[in-house]
């Protein structure tokens, strides 16, 4: 079994390779792209949450001086009845196209309806006001339980509930139903001494990346389409654009610029195909930028949800049965993350009898997009609050009850598979031993809460090429956009193999024509899978270098060994050469060396986290302050601990925002009334203490260095941890997110 | 022989059985053999000889590449679960 | 963003003449932190932006312990709180200038602009009201002056007529044994618009046991910032006690006419008026008692 | 198209002339006219701080300043911070502390931090957090950013 060991590069904290460019303002992000003759695009969006589009007249806009082209859904090819395979998932192509530019119906306020290219952004904006769209306004349905009612307004006439391949007869807003069943829940509940059942509601929240979506597109005269953009995955942009435009992937090059945050929200395309359509129509490069309101209203948030959780336990604290009902808002088109939510909900526990039902429901809100451990935070808010209540009822320490029931290798998950080696127990034990948890917590209106969380992590495809330089450095070519320091964490794995320093690796993130297929930077997969590919590519280099050393010394390859950056011959000849020196002799030993690695690993290795939080509640105003926060997480092996900590801290803080204030606020017409950073209240640094990130390392057997993805799981526990802390402070159980001051005042009976 | 965990929504086809042992050296053979014993099963899992969009295949707890050509060992445990993406 | 013309006026008569000539289509640009956003978001139609920052009078910042403070309409927040004498004399005003936007906003935003923007939730206005401040307005017919509490007439609307502009605010010198306090409730700790704001000023007797006079003003609970006149009057001559302060808070609650919007509900706001009025009064009293 | 005004200003110590429409913000001028793209647009209404620059010694959101307003003024942007062969201590501190992830907010934070340390060389943690509250970061949870600013102050 893979055990923690000391490495030379892995586990150190080198300066990231792209750091200087990013602290000097030189790094070029999508919106920074410039080109001669550039036009500026702007998207017209539906003012209605639900409306039939009767007609669109673009003539007035086209007549405005400076306007070079206007496009609508009519400019998109007919998607027909096709399922588009997008690597990370399959999507009905019509939905994909309609979300780019609405054809027959606008299904949410902010739904793109038309777009303009003009000589400057102000003219493009003015032209949008000159596009005449006739709408037949329809009643919107804005909440998941209402949407599930039999008489609810239907978003789509043709959607019928599917249950694993079986389709219902009647149209419905419920796109699909999933279920997991393990053991005999009825029997399990019969064995329980205490049963807690609670209902939970969570609000719609946004990833909140600081950089709005952007895209610049250009068609060459030979039909070659190039798109410069910020994206979590250049290859998925290529796939989606190819499907939407029905254009061959070989004619599309996607150039990933630096990206200003994604968190899952920059996987789906929105304006990239629009920029391409405008570029096609005008013959010029066209840059389309979203503004902040566009981002909130026109791109995928993560869903609001309704969740019911029932759990039973014996007086000794053994959880005997669990039941969950999860209904998630998919937004305008099917595809909420209820699947992973249902698979993660009880994952920190080994429970023999479980039943979980999940429903994917369309509503008149933007089509949801992934957001950090999609589905799991909603689910954990319910289950981790109920576990806390059980612990309280039984008088058991909340971390102790988690240890009593903790999932471990060999236990069966509720959705079926058996856990490989996991670090659930280790994170709970580390939290329990942490000075934060053992510190006194007795002040009036102060409270402490804990919660755990699980996320699968994913593998998927990655490719890396390594070019060896004569001076002993290597150029590492990768396709994973770097959102949080992955150039460093990938380079370090190659450096470790080759016995060179992190600084001796020059990592480059390149376009879709310059590296092998690489899936998105998402699913906590990049350091795991692209790092794995870098490891393989470095191994390839090592093998070739061994052959060169053998040639140099005229010995058999089997008699060359490599350790600590030195090649040496064994069995007879006493020869030795450093990696660096051998790099200088590649010409004479056979020419350049290029190593390559491609992977599609199945053993991503799930990650667990346990968080501890102290809050102070202002009983008069309902305001919650975070006093202290400790986030423990199993990273498998932390390649660059600083950036692992950064992921943990950032995820925890997004969770704090989700817990306390973030939500889409809608009026009755279905308009979001807080589509700005002023009123969509993400935490500022003044709202937070330092976040103590504690890394636990339980190596993942599915990776050569034991890496587990770290990016997503830290957002899973915070909501429940804070709810539990609020209960500890004031004795009120909060079951609705966000736990904003007005909700607290209501729950306390103050208003 | 490989063991297939039957998703709860398909147990109406297996008279409630949650786990079936069937022969097969690939996912395709396993599904074909399941179909022989429980007609209707293949249509719920596959579309045009491929795993349905939105479904993922796990073998011994590891996510496979989703291909029905995937090899399975004789003692393999196979699950059909919703495909997941990440953020 | 709609097209507009920009003119930098250098004298008050020049600015007044421009405002008079252009009428509704013109708007004064000082810090621009509200105006630029409103024009960009098409919430205000402006054809002429008249930048007044080069006019000397609107940049006046002059405090004298006997005559009080002249605060030019375009003086940025940061200049106000950088002045120690002003900080000592008008702590309630300082409270507000330090929470309007973030640091970068405070580098541009002016209290005078806060007043002219006439948001019901303006943090700058309640402190001016409780400090008995008045507005100096220039227009085609010369200067006029009126109390700050009479300046705003509706959300985004003020008493300024055609050709008129705010030149400065005049704040009387603080009485001895007096102080002021402003606070607001927001769900975050910065960068929010007040869900409710409350300002208070108090003058105590020499023993600091009895309230000689008090003024209370509220933000975000009515179409304009409110002077809570009755609540203020209740305190005059009262010995400092929880009961007296509670009574004033209840009276303040009684005049609140809040709406529910994305920033808060009406019930929440009414409740908070009570909480914040108490805290503002206690804060001001505390400040008097802390000064020797 | 709207009439463009001639503006002369000082940017990072150099006299710069440009033409701009009155409706173009300083941010637009910096990015689109002068190709100084270090200042970023995150919200375009003064709520995120990604466009922070220093105008006549004061920290401002360049999205809330008109380009024409900078006539005769002095603007400092992220591009002017480092010396040719040496980073500014705040930039070094951000790298050493891993105080950036995606990096889009970084130029704004660094300019904001510079404005803070220029006037308060030894801020407390609370003072740092108060000053930086107008700069949003969605990746880091601010922990390492606050540490970087405190470190930069200590290193001075």
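We just call them A, B, C and D in the order they show up, numbering each chain from 1.
Here is the rule we go by: a residue touches a chain if its C-beta (ideal position, glycine included) is under 8 Å from a C-beta of that chain, and two chains touch if they have at least 3 such contacts.
Quick caveat, the model's predicted, so the values are computed rather than measured.
Any chain bridging chain A and chain D, meaning touching each of them, is among C; the list is complete. Chain centres computed from CA atoms place B at the largest separation from chain C. Chain B and chain C have Cα centroids lying 69 Å from one another.
With centres defined as mean CA coordinates, chain D is found 29 Å away from chain C. Chain A and chain C have Cα centroids separated by 44 Å. For chain A, the set of residues touching two or more other chains reads 122, 207, 262-263, 678, 683-684, 686. Across the assembly, chain D contributes 2, 21, 23, 44-45, 47, 130, 132-135 as residues in contact with two or more other chains. Screening every pair of chains for touch gives A-B, A-C, A-D, C-D. Put simply, chain C touches chain A in their complex at residues 1-3, 102, 185, 187-193, 195, 261-265, 267-268, 270-272, 275. The residues of chain C lying in touch with chain D in their complex are 1-6, 8, 29, 31-33, 36-37, 39-41, 49, 51, 53, 76, 78, 101-105, 107-108, 189-191. By the touch criterion stated above, chain D contacts chain A in their complex at residues 1-2, 21, 23, 31, 35-45, 47-48, 50, 77-79, 81-82, 87, 91, 94-98, 100-107, 110, 128-130, 132-147.
Interface of chain A with chain B (complex): residues 83, 85, 88-91, 163-166, 177-181, 207, 262-265, 267, 337, 339-340, 342-343, 355, 370-374, 415-420, 455-459, 522-525, 600, 602-604, 702, 709, 711-712. Listed in rising order, the residues of chain B touching chain A in the complex are 5, 7-11, 18, 43-45, 52-54, 58-65, 77, 79, 81-87.
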